[in-house]
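The same subunit A turns up in both complexes below, where it pairs with subunit B and then with subunit C.
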Partner chain A sequence: MFKDLDPILHSQLRLAAISILISVKEAEFTFIKEQTKATAGNLSVQLNKLKEAGYIEITKQFKNNYPLTVCKITAQGISAFEEYVKALRSYMPDDNK
Partner chain B sequence: MKEPEYNKEEAPTHQQSLDLINEMISKAKKSYTSKGIASMVWGSLITFCGLVNWVEIHFKKDFGDVWLLTLVALVPQIYFSIKEKRSKNFIAHNEIAANYIWIAFTLCMFITSFYFSYFIRGNVAPLIMMLFGIPTFIIGGMTNFKPMILGGVFCWAMSIVSMHTSAEIDVLLMAACGLFAWLIPGIILWRRHKKSMVAHV
Partner chain C sequence: MEESFNEKQSLELITGMINKAKNKFSESGMLYLVWGIAILFCSLVQFFLSSLMGFKNVYYVWFLTWPVYIYQAIFLYKKKKKETVKTYTDEILGYVWICFIICFFVMIFILIYSKRFELIYSAILVIYAIPTFLSGAILKVKSLLIGGICCWALAALSMFIPLQYHLLLISIAVILAWIIPGLYLRNKYLAQNKLAQQS
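Right after this comes the complex of A and B.
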């Protein structure tokens, strides 16, 4: 049976960002921007959507007097990502599973 | 080839989603490959100390305790680790585990050396080479880097061999451990890093 895909994760940039955050303990905004090649404005909007859903934590700090945004996936984000991958795989033909 | 941008807020197809997940995870993984500098520094140092110690024993010379250089080398190691940490814009899971492993290894090395220097006099070489093998093998396995896995196994083999050899041979075996467990894997990592830098230009 096909499972519903989480609409929060089923968007290119949000999925790209959460996939990066699941691979690391935490990442600065600039790292996610470099990896996704997204614009700062769009990335900021999408990260905020992930934060509102409780999937990531965003902390603002200072490094050498410059503002620094650090993102970290939450336990809720990890299980949502796992569920999303599971649901995605249910749509794929058997040889892709 | 132009790299994809993810600026559009459009829903990907199922296959695109899976490809995107794979691509991002592999990109993030590639970002935390080691440059191999620490491995090269420590590999050269252990090899150097082993060889100098061999010269001391073989030619009956006394240059002082050459192994104390490992203590001196800790200072630049800590400095460069902090500097590298500050310049990076992410923290990898593997990195934290690896740091704890190296701290545990360093403490065990000092406790073992201290114990054998002040409490019991005996052949410490098998124990030291056994300790060399532990972080090398684990980190090699964690990062799926075969030269380090083999380096760890090599240290354990040398540890067994050193149970039957004289102190003069033991220090040569330690030099060999430094060479095969750290220096050569470090050079391989450095060359890989250089290659990946060229590929990104």
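Right after this comes the complex of A and C.
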């Protein structure tokens, strides 16, 4: 039986960002921007959506007097990601499972 | 990057991003090389001055490592300033090296306090092996794993070798455990940076 895909995660940029954050302890905004090759404005909007859903934490800090945005996945984000991958696998043919 | 995409593309995107983050190799090998060369130099100088030329109190040669501490502090500060991502690997490795430094100084203190000077180099070899072996396991670098095992083997061997030659065992250990893996890590790091610049 096919499961519904979480609409928050089923978006390329949000999924890319959460996939990065699940692999690291925390990442700066610039790192995610570099890896996803997204524009700053678009990435900012998508990260805020993930934050509103409770999937990531965003903290604003200062580094060498410059503002710095650090993102970290939450426990809720981890379980949502796991559920998403599980749901994705239900769409795959058996040999890919 | 907002157009709709199918389930297969989703899985590919996840795998691709995880690999990008996972393959970000932040170990430049620089500290392995700097410390390896510094310890190799000090141990060889002490060996030649004390064992071959008969000088006494040549322990002062180890004060030459002080500039390396300063270099390390500056190096780590600069590295932290440049870092845009903190991986679990970096965090665990940091704790491994903190454990090494604490074990090293506590062990030296215990041996000096109990006047067991003859065991100092053997103990140092045992302790060198721990962060080297663990770093090899965490970073999946075979030369570090082998280096760690060599340190343990040299520590055991030191029981059958006259004390005056123990410093040579330290020299061999740093070549095997830090300098050779350091060169490997340095090359890997430079190759990764070159690739990143090209893409």
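The criterion applied here is as follows: the second predicted complex is superposed on the first by the 97 of 97 C-alpha atoms of A that agree within 3 Å, B and C clash if a C-alpha of one lies under 4 Å from a C-alpha of the other, contacts with A are read in each partner's own complex, and residues count from 1 in each chain.
By our rule, a contact is a pair of C-beta atoms (placed from the backbone, for glycine too) under 8 Å apart; a residue touches a chain by one contact, two chains touch by 3 or more.
The shown structure was predicted, so the numbers you read here are calculated from the model rather than taken from an experiment.
Superposition model on subunit A: subunit B and subunit C are shown in a clashing arrangement. Touch criterion met: A:Lys25 reaches subunit B and subunit C at once. In the superposition on chain A, contact is made by A:Gln35 with both subunit B and subunit C. Touch criterion not met for A:Lys86: it reaches neither subunit B nor subunit C.
In the superposition on chain A, contact of A:Leu13 is made with both subunit B and subunit C. On subunit A, the surface patch touched by subunit B in one complex and by subunit C in the other comprises residues 10-13, 15-16, 19-20, 22-28, 30-31, 34-38, 42, 63, 85, 88, 91-92. Of all the residues in subunit B, the ones that touch subunit A in their complex are 3-12, 14-18, 20-21, 23-25, 27-29, 31-32, 86, 89-93, 95-96. Per the touch definition, subunit A reaches subunit C in the complex via residues 5, 10-13, 15-16, 19-20, 22-28, 30-31, 34-38, 42, 63-64, 85, 88, 91-92. Subunit C makes touch with subunit A in their complex at residues 1-3, 5, 7-8, 10-11, 13-14, 16-18, 20-22, 81, 84-88, 90-91.
The touching residues of subunit A, counted against subunit B in their complex, run 10-13, 15-16, 19-20, 22-28, 30-31, 34-39, 42, 46, 63, 85, 88-89, 91-92, 96.
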